[in-house]
Each structure stands twice: as C-alpha cells, then as structure tokens.
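In the two complexes below, subunit A is the common chain; its partner is subunit B in one and subunit C in the other.
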Partner chain A sequence: MILGLLLSGAILVVAGVPAGELLNEFVILTLFDAQSLKSVLFQASPLIMVGLAGCLAFRAKFWNLGLEGQMIFGAIGATAVTIWDIGSPGMRLPLMMAVAMVGGLLWAVAPVLLKLKLQVNEIVSTLMLNYIAINVLLHLMYGPWKDPKDAFPYSPKYDSFELLPELGSGLSLSIPIAIVIALIVLWFVNISRAGLYLRFVDKSPKVAGAVGVPVAKTILIAVLFSGALAGLAGLMVAAGQEGRLTHSFYVGYGFSGILIAFLARNNPIAATCAALLIATLFVSGRSLQVFYQIPFAMVQLIQAVLVICVASSDFFIRHRIRRVQGGD
Partner chain B sequence: MSKQNAIQLSGVSKTFDGFKALTDADFTAKWGEVHALLGENGAGKSSLMNIVAGLYGPEGGSLFIDDNPIKLKGPKEAAKLGIGMVHQHFKLVMPFTVAENILLNLGHIQTSGLYRERLRRVSDDIRAMAKRIGFEIDPDTRVDQLSIAEQQRVEILKVLLAGAKVLILDEPTAVLTEEEAERLLTTVQGFAREGAAVILVTHKMNDVLRYADQVTIMRAGQTVKSLKPDSVSVDELIRLTVGESTSDQSATPEKRAPGAPYLQVKGLTSTGAPRALNHLDLTLNKGEIYGLAGVGGNGQSELANALMGIPEPVEGQMEIAGEGDLAGFDAARRRAIGIASIPADRYGAALAGPLSIADNFALGDIHSGRYGPFWYLKTRAIEADAAEAVRQFDVQGVRSLKQKAALLSGGNAQKLVIAREFNHPPKLVLAHSPSRGLDVKATEAVRDRLRAARDDGAAVLLISEDLDEVMAMADRIGVMSAGRIVAEFSQPADRQAIGQAMVNHV
Partner chain C sequence: MDLITSWIGNIPEFAVPFALAALGLIITEKSGVLALGAEGLMLVGAVIGVGAALTVDNTAVALAIAMIAASVVSLLFALMVLVMRINQVISGLVLVFFCQGLTTLTGTLMGWTNQPVSGLGAIALWPLSELPYVGRFFIQNVVVYLVPVIFVVAVWALNRTTPGLRLRAVGENPQAADAAGISVLGYRLAAIMIGAALIGLAGAFIAVLSNKLWISNMTAGRGWIAVALVIFARWSPWKALAGALLFGCIEALIPQLAASGIKLPQYFVFMAPYAITLGVMIWVAASKRDSSSQPGALGTPFIREERT
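Entry: the complex of A and B
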C-alpha cells in the first residue's frame, strides 16, 4: 500500500507536478486545511457506504458489481419521494432514506435470487443491471423529471428540509450516519450469528452447507443488506452533495466501492479508513486538476496502482520470503 | 551383501510458527528394504518425509541421497532424484482423468509431442504399469469418480511413472480394506525386492510387523530408535511409540439386547448414472453400534452423504422414528433432532480450515440459542465451552481458540469434530471412517466416545473399511457390496465369513 502511494507519487511527478509540491499538495493542503478536510469528509461518506456494501456482498462470496446501479436506484427512490411530496416535511428525510434503501435493495433482489435459484452468474447480472439503471436515470433526467426551470438534465432542486442537514461547522449529517452504519455493519459481521454464518460461507462454502449453516439465507441477507447500503449511498450523493438527482454517479462510485472493499479485505473498519483515503484522492485530484492541469483520470490511475500493489502484497503477507540456507 | 543408503537424514529440525515439529531427527533408509516410519499422530513423521520430498526446507541438519549430500530446492528436484511421495491427503486434480493427472505430473520428463499423443502414450504406460503391479485402473476415468482406495492407486502410479526409486507412502493403509492393504503392501514389498527403497509412514503395528524390514520409531519430533521389527516384541514396539503400554484393542464386544428401531432406510437408490446405491435396506436400532464393512467404493460414501445431508442424488426412504423422512431435513434440522455426523472428509465436510477453533465449535450448538439470540453471539460462552471440550477430548496442538482449525493435525482435527458433534448428547451418530489416520491413543478415544454414545441409548452407524475396527466395535455387522447390504452378522461374528461376503459379491 505504501509502495503503491510512492509509485503513485512517482507517476504524478512524471506527469508534471513538482516533486516538492507533491507532499504539500496531497497531505498538508488536503488534510490540514479545514476547508479541504471538510470536503474530504463530505466526499467520504458515500464512499464509506459503498465500501461497506462491497464488504458485505463479497463476504458472502457474491461479486456485487452492481453497486452503482443500486446507488442510482436508491437516489431515484429518494427523488421520487421529493417530487411527489410524500409525507410531511418533518418526516420527509427519514422517508427518503427508507425508500433509498428499499430502492437499492430491490435492485439487488433479482441477481441474488437468480444466482441462488438458477445459478446465474451474478457478475454478469449485476453489471448489466448497472446499464439499465444508468439508462433509466438518463430517461428521467431528460424526460419526466427534468427541472422545469431550465433545460439542464437534472431533477428539480430538493427543498431545504429534503437535504441532509448541516451540523454546525459546515459538516454534513452524512458523516455521522456513515459512522453509525459502519458500526452496524461491524456488529453484523462480528457479533451477530449471521456474521458467523457469513464467515463459513466466505471461507468454506462446502463445509458450511454440511454443518448446518443456512447458506442461501445468509447470502440473501448479506446481499440485500449490501444493496440497501448502496441505495443509502445514492441518497447521500443526491441529498448530501448535489441537492438534486444528477449525472454525478458517473464518477465511478460503484467501482470505488469494490476497490475499497478489496483494499480493506472486507473488514468494515478498514473499509472506513480506505474510503477516507480514496476521498482524499478525489479531493486532491480536483486540486491537482486545477493547479497542474493533471486530468482527473489520474485519480483512477492511482486507485488502480493501489489495487495492484495491495493485491501483490497479499502474497508477501501470506508467505514469508526467506533465504533458504545454502540456496544459491 | 551390504546395502547402500538410499536416504539419510541427520540432525534435522523444523519449526512451524514456533512449534517444534522436528528436533534433531535422524533417519536412514537403505536400497532394497521396506522401511517403516512408526509413530503417533503429530510425532513428526509426515514433516520428516516432506523434507525428503523437498516440500519443506530443513532448519539445520543434512540430507544425503545415495550417500551424496543434497540441498533440495523443491519437490521437482526431489522427483528428478527419484523420490516419490504419496501423501495422506491426495494431491489429485478432481475433474481430470487419471491419465491427465499423471501427465500433469510428468511435465518435467516428457515434454515433446502433441498433447493428445502424449496423453495416449501416458495412458498406455498407465495400463502397462497397472497390469504389472496388479492395479485395476482405467486411465480415462475421472478422478472424482474413483473411491479413495482407487485414488491412492492413481497416486502410486503417478510417482512410479515419474520414475521414483524411493517410494514414500504416507499412511497408505489407513483408507484400505484388509485385502487391499495386503495387496498394496505385498506390491510395494515387490518394489523393494527389485532394489527400490520403500518408506512406509504408518502407525499400524500389523503393517510394520508383517511387511517392514526395518522400522524407525518417532515420538514428539524425535527419532527414538531404528531396529529390525522381528527383533522386538509388539509390546516393546508399542511402548517405544506411545511411551506407555495401551490395552489390547481387539476385545470383542459382549452380546447386547438391541433397542427399538430408530433409523430405517428402505430402497435407497442413486439416481445418477453409476448406480452407487442400489436398493439399500438398513435398520438401525437404539443402543447399538451397527458396523458397515466392505471394500471401499461400494457405495459407502454415497450412503454416508445421503444420511449426513451432504448433497447426494438418491431416492428411497430414510425414516427416523418419530421424526419422519430425513430427505426433507437440511443439515441444521438434522442436528436439531440429535444427529451427529463424523464425515470421512474432515476438511471437506466438517471443519472450515481457515476459521478459528471456536467458530468451528460454535456451529455445533448454535441453532439451539445456547450461544445467544440471532443478533448476538455469546463469544465468552462459546470459548468457555470450546476450551472445556478441547480439554475433555484431549485435542492437542491448541495454542489458542482463535487459532485456525487447519493447523490441527489429522487426529486432533477429528477430536475437535467429535467434541463438537457430542456437545449435545446425540440420538444418532453417523461415523464414516472415524479413526482414519489416527494413532492408537486417538483411535481408542474416538471409539470410547462412540461406545459411550451407544451406552447412552444412541443408535450408532459406523461405516468403516477397516474390518478390525468393525469387529472390535459393532454389535451388528453389515457387509456392503455394489450399493447394497449383502449380508448381516451379529456378534460374535465369524471373521472369515465376513471376509467371504465382502469379496464374493464384488
């Protein structure tokens, strides 16, 4: 991981960022400047959610690549609540959250049932459902839900009580929510009985069935939970960052979720930390873009370098390299 | 004639995670002899042989092959020097055919020719070799369709075709019936007579006494003594191995009155193509041990799977008195009504190797709510129970309950399975080769547990390919052949007649 960061640093230097400025730019300006720290945290909360969603699904050995689609449907669900003005203003936000979770969950139901009943490969089904979700989103943006005030493809702005409220110093409520959810996931995988079942499904699926673990039920619950969290992440972007339904899902949250779960080896605490790191990358990537004309794609490149480094470090963690005596 | 040393190890040590598996071990095997390596589970026999086979690098000490000092860089190099090892847990690629598996292993020898051509050549070699040593193996069969005994033959063919002159067999007779073991050991004795060196890793006294020319005894990571088996008494050998005298284990159980029928199997038949089970009928009474003997591969695994709830395509009835047909019960439900399963394949069907001992243990009794409601696991209660069970069942090598179950040696893993399954007093015990690969002491412990369950009124089904075990344990004995029970005996049973039944119907 550290190697990955160093390597990324080297790539940035090659891309034209002065080496001396790099540390300054990345660490000092991003983490010690109150304004950017805020935007890191702001950016981090949906990432934490998708990361946790990834952890849950991957622990059930279900390769949920449809996090993005589930996010979109979470956001669409929440937006539907705002557009049709369902519920009193006071109840609006909790209702949006619930609907967002149901939206994400529903988008995960089909692939998991197809997998459990018919052994349909979930990698393909979830990935394909992403495209459907994106196109449904575009249809709504350009069609029925277009903001009547102007011609841009986004939904009408949410009312103020439909936004995630700010806490004092400009921090959004989404951060505490993300932390609470992380704790719930931590409880789920470590303390509940389902967590024990999940460990068996994860590590020895064949043994799990033979010793009485309800394998199908465990997978179903974990994947639906995962979908619901992704839906909630969708709401955080829509109601926490944009204030309306937009295209912003294209920045690759779904992929980042997979990446975070992978970096964290499906551990919820590590996923929260990894999400913060990725959020730092997002934010500093923006400033690099502004100050050094480095394309934003560089952020994705750095993510990829990190993944490769962590994947290869797996080998070194499991096997200790040692010179065998007398070996030449 | 003075025979040359084939393999010599001196002062070899090996540590795993701070645990000393071998301490200053010495070992010498000569050409032309069957050399038995005798010791309890965890004595270090397999570790020592893995060093010879190049799988482990030794820490200190030296290895001589043919009196030349050698530093092995890996198993390939060992194979090139003519060392072939048949492991206790076979290293075969399951969905591949016999010929493909063997070709895969020959990679470093035959490299020329098209794949199909090489495969044909290997198949011919397999047939020739199999014929020469009296194995019946079709090179085109898929390995996963073979019984364990047949898979072992494939393993032996594999190392022989790779040109092995030093043949190491790790617990070869653990999975074989008496006749099969006899045939195998006679065959390997033949190899030795032709000049090869055969190393027989075992804990079976009989194998040593009847077939070995020389025996080296290991205990707690050290080689205790090397001697000629006919120069000492059996008691002396046992004393050297276990460090204490154990009682005679071949006592026949007394005659007992059977209880009411508990499990009734009627017309159980495999639905798949090779009809592994063929209209099998079986009645199991409360308070008895029913021993199911038979040559491996006659439907025992399929029967065990069907009863234990491991997916197996069968039709027919499996009635449990007062509960109904087993077929509709998943593993959790079976457990809830008091069925304990001890499958033959410990890490394939009983223990999750990568998970902790406590996790593995908890699963035995989790459905009852004993370890907390659904939303909360009483970790402390689990650990307390697991610690108690580890102590009671004498599971050794447990440094922490959070340690991975895969780190336990075979015998101790089995003890852990039994400890879990017996955490609740069972009504029906299904045990498939429960003492496979276990040493004298562990075997006796396992058998005592089964007897105790029987005495508490449980119905015990003991499926075993070891006739000695069945004879020593069972109140009634059934002989399985070609997917059905062909003969039943009650104790005292005539060993000769059972043997006849096993062979006649093959």
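Entry: the complex of A and C
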C-alpha cells in the first residue's frame, strides 16, 4: 500500500508536478483543510455505494462489471421522475431514490439471469450492457432530455427539492445515507440468513448446493442488491454533485467500485474506508487537473497501481510464511 | 449501389482489428491464461503506434514498435498472473484500467491526441479488385493482406509444431506438461507476450491505419468484443476469423447508415455492435454445444508443489 502510494507519487513527479508541492497538495490540503475534507466525504458517498455494490456481487462470485451501466440507469430513472414531475415535491426525493434503485436493479437482471440459466459469461455481458447504457445516456443527453438553455449535453437542472439536501455546514445528506446503507449491507452479509448463504456460495457453490442452500436465489438476491446500490450511486452523483444528469457523470465509478471491493476483500467496513481513500484521490485528482493540467486519467492509473501493489504485497506475505514452514 | 460497394470495401478495415485481437487472445488462452486485458493492450498499441508514427514517420516501424510496446506492457500482466498468482480476472481488469489511465496520460502529455498520421496506401489485388460490387474488398493496405497469412502461420504453429503443441499441453494440463519437462511458466510467458503483440497490432491498426489519429479510449470496447468473439468461436482461430468478418460487416455498416441519410437515432446505431455481441453470446449459450474446446486449465494459476 505504502509502496503503491510512493510509486504513484513518482508517477506524478514524472508527469511534471514538483515533489514538494505534491505532498502539500495531497496530504495537507486534502485532509487538513475543512473544506476539502468535506468534499472528500461528499465524494466518498457514491464511491461507498459502488464499493458495496462490488462487494455484494463478488461475494456471490459474480463479476459485476456493469456498475457503470447500473449507475446510469439509476440516474436516468431518477431524472425521469424529475422531468415528468411525478409525485408531490415532498415525496419527490424518496421517489427518486426508489426509482434509481429499481433502475440499477433492472439493469442487473439480464446478466444475472443469463448467467444462472445459460452460463453466459457475466464479465462480457455486463460490459456490453455498460456500452449500451452509455449510448442510451448519450442519446437522451444530446436528444430529448437536453436542456435547451445549455450548450452542453446536460439535462435541465433539478429543482431544489429534488437535490439531496445539505445538513448544515456543507455536509450533504448523501453521507448519512451512505453510512446507513453500509450498515445495512454489513447486517446483510454478516447476520442475515442470505448473508450466511452467500458465504457458503462464496466458499464453494457445489457444497452449498449439496447442503441445501438455494444457490441460484442467493446469487440473484446479492447481484440485484448490488445493482440497486449502483443505481443509488448514480442518483447520489446526479442529485448530490451535479444537480442534473450529465453525459459523463459516471466516468471512473464502475472501475473504482470494483477496485474498492477488491482492496476491501469484499468486507463492507473495509470498503467504506477504501472508498474514503479513493475519494481523496478523486478530489486531489480534480485539483491536480486544475492546477497542473494533468488529465483525470491519472486517478485511474494511480488506482490501478495501488491495486497491483496491494495484490502483490499479498503474495509476498504468503510467500514468506510458506518459506518458514518449508524449513529449508 | 455505391453504398453497398463502399460498405463491402470497408469490411476488412473493421474486421482486421477483431481478427488480430481474437487471434492474440486465442494464443494466450491456449496456454491456460485467461486474458481479459485485450482492451488495454489494444490502447497501448494504438497510442504507441500513433506516437511512433509521428516521431519516426515510418508506418512499418511504428507498427513494430506498437507490437513491442504491447508486449512489454503485458509483462506486467505476466508478473501478476504467473509470478504473484493474483486472480487472473482481477489481473486482466487491472491491466485494462492501468492501460486506460496510462494511454490517456501518455497521449495527452506527449501531445499525440488528434494529430493525424499518414497511414499506409491501399494496394489493389488485381484481378480481384476489378470484380463488380466486391472489387473494393480487394483494395486494402498491406496489413489486411497479411492477416490471412498470420492466421495460417499461427494455426500451423499451434497444431503442427512442437512449441505449439507444448503450449496447448500447458493450457490443458499444466501438471502433466510440467512432469514431461516443459516449462509451464516459460510457455505461458511466451504466449502472453506473443498474444499481446498481436493485440497491440490490432490496436495500432485501428489508430494508425484506420482512423489515422489517436483519441483517448478510441478502441471503445473492441477488446471486450474480441474476448466475447473468442468465447463463441470456441478458441478456434478460423471461427474467430469468421466472427471477426461478421463484426466487420456490422461495424462497416454504421458509417454507411449515417451516409445513406436514413433517419435513425445515431446512438442506437452506435450500440448495435454491443447489443449484437450480447445477442450472439446468448444464442451460442442457448444452443449449447460441448465446451471441450476450452483449454482445460484456463484461468487456473500453476503452482508447482513446493520443493524443500
């Protein structure tokens, strides 16, 4: 992990950021400044959602790479509610959340059913569905849902009662929602019956089936739950950060969700912490973009480097233990 | 009529990247390594190909450099799956994400984005090029004509030569291959690097020869379609080539539709290749054939018993 951070630092220096400034930028400015700490927390909530979504699907041994597509459909669902003015203003936000979760869930139905019924490889199917979702989004943003007042491919701005409200001092409602959901997921995987089944399925689907665990149903529930969380993440970005649907709001989240789940070893608490770390990266990545014209892709590169380092440190830990046992 | 002629003429240009990437994937996967990193390696081939073409102004050299670059980057993947034995799915995904970040960054920092390159001129394959309607199919650049040659050589090497047979043995049953004195990791490393070179060439083809410029993430999921192509070609190079031609037909149709003036929402047209990939995957899965052609040890790391 530390090696990963050092390596990322090295990459940044190569890309033309003065080393001294770097420390300043990343550590001091991002973590010790109240304003950016808030933006880190703010940024963390959708990342916690996609991270948890990744954990749930991976626990069911389902490679849900469709988090982006599910986010997009969650946000599209929520935006549909705002555009067609469904429900009274007071009920609007809860309705948007529900629709976003249903949207994400629906976009996860096809790949999981195809996997369970026909053994269609879910890696490819979820990715293909991502590309389809992106094109649907672009169609809406450049076509019927484009805000006529804006030159950019954005939807009309949400009304104020359609935004996730601030809870004073700049903290958005999305943070407590994220924490509550994290607790629900924790309950789901550790305490609930489905979570117990899920652990069976994770360890060995064959044995799980033999001892009477409803394997297919457990996988279905976990993956649909995962899709619903991704949909909620879409709403958090749209109604929390952007205040509207934009053509590229999803960029980077699907990938981060998978990496967060991997870094956290599918543990919901660890995923929340990992999401905070990645959120720090996102926030500092944006400021680097502004100050040093470094493309946002840097954030992606750093995340990949982090994962490689964490995964390989795993190997070195295991390897050392084995050597001692071998006793030469 | 012009539309059909130019559609047929464009098919090879769109089919070649799929064909090369699928062949690269087949070679890697025959050795038992699940290669999901194609999308990333194609991007590396594309950006380095354009970069090299801008720098040395020699297309052949640029393509060679792109192949080498993809091979070099695949060493990272080899390190992850062969040495560290990290889960091959995660390794492949990380490789894609790593390459997406790396290529966007390289393209931007080096100023290679949207810089036009010269590409290669088309050669007419007389007398086929004089045929009505399909004539333009046979006016292509050199690399297109090389593809069938590459396929013949690859199939021959996989089926008829000792290294090729050993490579497949490593993919089917690494323990047995190891016992027979074949270096499992060595063959897998070679398979990864050769496969990566072909995948890199596929990416460079898209950037240097087809679009003649670099845009970040320009492969747009073609690497993943190639992964799907290999699954429904059941790891058979010739079937993969046929599948690549099919997808070439579909992709070549997209600009034709736009030019023909038929009013279709363009983004629904753009999603066609992905929807069709999904459709074909479902169709293949529903008409379930035997899956014995899948390399037996695909996706499993090779761990030799610890020697003390």
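Quick note on the criterion: the second predicted complex is superposed on the first by the 314 of 328 C-alpha atoms of A that agree within 3 Å, B and C clash if a C-alpha of one lies under 4 Å from a C-alpha of the other, contacts with A are read in each partner's own complex, and residues count from 1 in each chain.
Just so it is clear, a contact is a pair of C-beta atoms (placed from the backbone, for glycine too) under 8 Å apart; a residue touches a chain by one contact, two chains touch by 3 or more.
In this text, all values refer to a predicted model and were calculated from it rather than measured experimentally.
In the superposed model, A:W63 lies in contact with subunit C only, and not with subunit B.
Of the two partner chains placed around the shared chain by superposition, subunit B is the only one that A:F200 touches, whereas subunit C remains out of contact. When the two structures are aligned on the shared chain, A:G212 is found in touch with subunit B, with no touch to subunit C.
Shared-chain residue A:I191: touches subunit B; no touch with subunit C. In the superposition on chain A, contact is made by A:I132 with subunit C only, not with subunit B.
In the superposed model, C is the one of subunit B and subunit C that contacts more residues of subunit A. Touch criterion met: A:V124 reaches subunit C, while subunit B stays clear of it. In the overlay built on the shared chain, the residue A:Q303 is in contact with subunit C alone; subunit B does not reach it. According to the touch criterion, the shared surface of subunit A, contacted by subunit B in one complex and subunit C in the other, consists of residues 326-327. Residues 57, 59, 71, 73, 308-311, 330-332, 334-335, 341, 343, 347-355, 359, 362-364, 366-367, 371-377, 379 of subunit B are the ones that touch subunit A when the two sit in their complex.
Those residues of subunit C that touch subunit A in the complex are listed here as 36, 76, 80, 83-86, 89-91, 93-94, 97-98, 100-102, 104-105, 108-109, 216, 220-221, 224-225, 227-228, 231, 265-268, 270-271, 274-275, 277-278, 281-282, 285-286, 288, 306, 308. Subunit A makes touch with subunit B in their complex at residues 191-196, 199-200, 203-204, 206-214, 324-327.
Chain contact summary for the complex, subunit A toward subunit C: residues 15-16, 63, 65, 114, 118-121, 123-125, 127-129, 131-132, 135-136, 138-139, 142-143, 255, 258-259, 262, 294-295, 297-305, 307-308, 311-312, 314-315, 322, 326-328.
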